[in-house]
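Take a look at these structures.
You will see two complexes here that share chain A, one where it goes with chain B and one where it goes with chain C.
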Partner chain A sequence: MVLRLALLGMGAVGRGIIQAALEKDLGLIITAVADSRSGCIDPNGLNLPELLDRKDKTGMCGDTGISAETIVKTAPYDILVEMTPTDARSGEPATSYIRDALQRGSHVVTSNKGPVALHYHELASLAKKNHLQFRFEATVAGAIPILQTLIHNLGGNEILSLYGVLNGTCNYILTRMAEEGLTYKQALDEARTLGYAEADPTYDVKGIDAAIKLVILANTVWKKNICLDDVDVTGIDLLTEEALRLAEQQDATIRLIGEIIPGDNIYRLCPRIIPKDHPLVVQGSLNAIIVRTDLAGDLLFVGKGAGSRETASAVIGDILSIRDIHAGGN
Partner chain B sequence: MQVSMKLELRDSPGQLVAALMPISDMGGNIKTVIHEHEHASGQGDLSVEVVIEIPPELLDGLISRLRERGINVLKLGEERMSYSQSVILIGHLVHTDLGDTIDRIDQTGFAEVTYMSLAMPAINERTSAQFVIKSLTREHMQQALLILRQVARQKEFLLIEPLEF
Partner chain C sequence: MVLRLALLGMGAVGRGIIQAALEKDLGLIITAVADSRSGCIDPNGLNLPELLDRKDKTGMCGDTGISAETIVKTAPYDILVEMTPTDARSGEPATSYIRDALQRGSHVVTSNKGPVALHYHELASLAKKNHLQFRFEATVAGAIPILQTLIHNLGGNEILSLYGVLNGTCNYILTRMAEEGLTYKQALDEARTLGYAEADPTYDVKGIDAAIKLVILANTVWKKNICLDDVDVTGIDLLTEEALRLAEQQDATIRLIGEIIPGDNIYRLCPRIIPKDHPLVVQGSLNAIIVRTDLAGDLLFVGKGAGSRETASAVIGDILSIRDIHAGGN
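Take a look at the complex of A and B:
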């Protein structure tokens, strides 16, 4: 059976899904798409090249008369794929879309950190009650399949601690400061020029983005109930090039590291001095995570933490695993 | 001078006090006492590490007094801080009393700043400094870092701690 998707958001991630659905035979059709101002619906599957073309030319994917809310509540689909911008404080409007879809009896896959960081327990129990899947692999470390691995594949383990490089923008800036002797500002400007940093980089460089990922990990892997304010957060925006030189003198460098020690309720994100040959010292915009477990020992994960195709990979992985579990639709 | 001594005593009530008494009697200042149960020889003996501040000329007298009381002095040394870590501080270190920042660690008696390297780009800009801290044990290092975090918060420094994994 062909799986029907409704996509909310046609930005980098949304386009990544559409491209992959065009290039590969994934057994998926896209029956509805919404962006911030418009939407389109076709129960038999939208024409994807036309859709991409329309969005490129007009900036809109469909008719202004069709909103995301209409799609969530009325369009025919098996899985809602929610890829709208992250609002870390309210989680809206994404949380309402997800809640509505689950209430309507549809599975949900999201790449949006807001709803998961703020409302994981509520949304997960709503999904469970309705015998549905709620998946969010793309919210932490992009292409790296960290959540499914920790929650399912390492299910019998006690996961004792986690350390990770969870923000590619910060890692890029720190790599360039260390390697080229750039000042913080020079490295940030370079990251902006290359598209690694947003026009307003606050969210990344102050550590908020990575801290939200720690909240998601804590609440979903260890079933804690913490929020952003429970994470001890220090960003990289006050680092000096002299500090990197001082670290260099000890054959070390400085990286922004997230830390979870669930047994001690430690949730910290801050720049740390780290030996240059440490496995978490990855280059450029890569992400890396180390976990220590009781059965499996130490495990290391490295990969792309963002990007259109890379993030789409995680979203598609969630979609196909829902299909495997339910063998198609509801 | 500050010295550390490893004492072996009978593990019975009052023995620890009996060991510590001569130290204060002789004008020594007790800084820390660390029990090491796991290192006990198992025969009801207890091994204790004490760090004291005492005038050098009185040290020999103290050791014989302890021995008279049946307390075995196993180890004696000045180089007692065996645990070492390096941190970086960024901020207005000089304008906020660098001496006080260092003292806050040194006055604990269980940790001290043994090396410092400063990088000051310009007079009104923030200074970056590397501190090497030594401590008696790993736990003391954790405590020293907690103190340093408080100082950093108070004086608005960015404290960069090492990652231990």
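Take a look at the complex of A and C:
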């Protein structure tokens, strides 16, 4: 059985999915794609080389008369792959797209933190009621399949706590401040030049991005019901190079660490002084997560925290999980 | 829907499964259990506290008239959980049990390296033909869910190479030789005293155990068809404390590293000198694995390599994956 995908978003991640569908034998066809200005639908599967070529030449994937909303509500597909930009305040329009797709009887995979952080319980209930999958591996820790691991692979374990470096931009800035003695501003400028930080880096450096990931972890792994205000957040924007120098003198360094201790309802993100040989002292834009469990003991996961290929990897992993469940796991 | 388990083996891992079924709400009942001398069957679910008590008092779980073979062939169950001791040469009797269960239409979870290293392709084909699951997470890397991660979560990635510390006993010995300047023999004796090494440690220290794990990885993740003889194996039993001292002088140490480069058909296990700050330099009985992928980049996994709770964690993870596939993923 060939599964039909509808993609919302044709940036680097969307292109990565299309490339993978072209190059790898995944048992999938893409029946609809929307970008911010246009859309295209073919119930028999779009011609993907033509699609990529059209997008390159015109900046649009299809006709301006076909919107994301049209695709969600009318195109034929088994899985909606929702990759529109995150709006962390409203979760829209992504949440409406996801809700509509689930109500139509389609599975949903998203890379969008907004809907998961704000509306997980509603969307997961709707999925469950309709016997559908709702997956969002790409929203936390980039290439590390941490949600599948905690929710599925370690099922049966009680996850007692989680500590982690969850924002690659902050980790890059802290690494460069410590390595090269750069000031916060110099390191931030370098991160911007290299494309690791946005023009407006507030979302990363104030810790909002990492805190949203803690909300997603808390609500999905532990079925809590918290929001961003429930996380105790300190970013790295007020950190001085003196603080880092002092840490270095003790063979330590500073990392922005997120922490969840579900039994005590602790959800915290703050810069911490940690010994240089600690496993969470990863370099550059890496992410690292330690989980403590009742049966499996302590586990460490390290991998790239962001990037379009890494996000595509997470999205494809979710799509293939759904394909495998459809096929009875074979 | 409540899934019915038949357990073969009631050592520490089997007890761990029974304890988990008692303490956690896993949606499972246990309808049959065999140990090496006896067995018991109850189609409505065994009384687990009574079962544990009987085993403690008599050393047997049930009646001597009920064998593992009887259970495999006649008891009512949805999943056979095969945890008998590994025979790495013949794979028996475990392979016959697994074959019979798959032919009867039951899923199989095993912690036994023999059948997977020797007969993976036959057993996986049989499972696929009968639309059944055949899972064996516990056979590699203890508590780290590396097989689920590579085969399922990172599905869609090409896994380009794998490097890892796959035997906790050897890693413990190497750690103690480096830390305390112990001789190989002293460190081995200590590992024996602490229960990390068997009375006959040949299987671990000559690298056979880790090499079998490489065979399992090669055949299941990359669908190769190799056997133990195809792995280039050097153990740690001839390693001198001088070699370790020389490594230490260069701020390095020695670890027993398994390596798979599938594109070049390289399957190798040997002691290697690596810098002390390398992520594979883990301490004590830990395992560590680095995989290189085309989309997700490099990923590192670290966790306990052995132990009955850790093995139980892996077995339960497999059981719950099957339960979730049965339930359509919800």
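In this text, the second predicted complex is superposed on the first by the 327 of 330 C-alpha atoms of A that agree within 3 Å, B and C clash if a C-alpha of one lies under 4 Å from a C-alpha of the other, contacts with A are read in each partner's own complex, and residues count from 1 in each chain.
Basically, a residue touches a chain if its C-beta (ideal position, glycine included) is under 8 Å from a C-beta of that chain, and two chains touch if they have at least 3 such contacts.
Values in this document were obtained by computation on a predicted structure and should not be read as measured data.
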With both complexes superposed on chain A, which partner does A:Gln133 reach: first (chain B), second (chain C), both or neither?
second
Check the contacts made with chain A and report whether chain B or chain C touches more of its residues.
C
Could you say whether A:Leu26 touches chain B, chain C, both of them, or neither, answering first, second, both or neither?
second
Check whether A:Thr149 is in contact with chain B, with chain C, with both or with neither, and answer first, second, both or neither.
second
Touched partner set for A:Gly14, first chain B, second chain C, both or neither:
neither
So in the superposed three-chain picture, is A:Pro271 touching just chain B, just chain C, both, or none of them (first/second/both/neither)?
first
So, A:Gly207: does it touch chain B (first), chain C (second), both, or neither?
neither
Once the structures are superposed on A, label A:Gly39 by its partner contacts, choosing first (chain B), second (chain C), both or neither.
neither
Chain B-facing residues of chain A, complex:
161, 163, 234, 238-240, 242-243, 245-247, 249-250, 252, 254-255, 257, 270-274, 278, 280, 290, 292
Enumerate the contact residues on chain B facing chain A in the complex.
86-88, 90, 117, 119, 121, 126-130, 158, 160-163, 165
So, in the complex, the side of chain C touching chain A is made of residues 16, 20, 24, 26, 127-128, 131-133, 137, 143-145, 148-149, 152-157, 277, 279, 293-304, 307, 309-310, 312-314, 316-317, 319-322, 324-325, 328-330
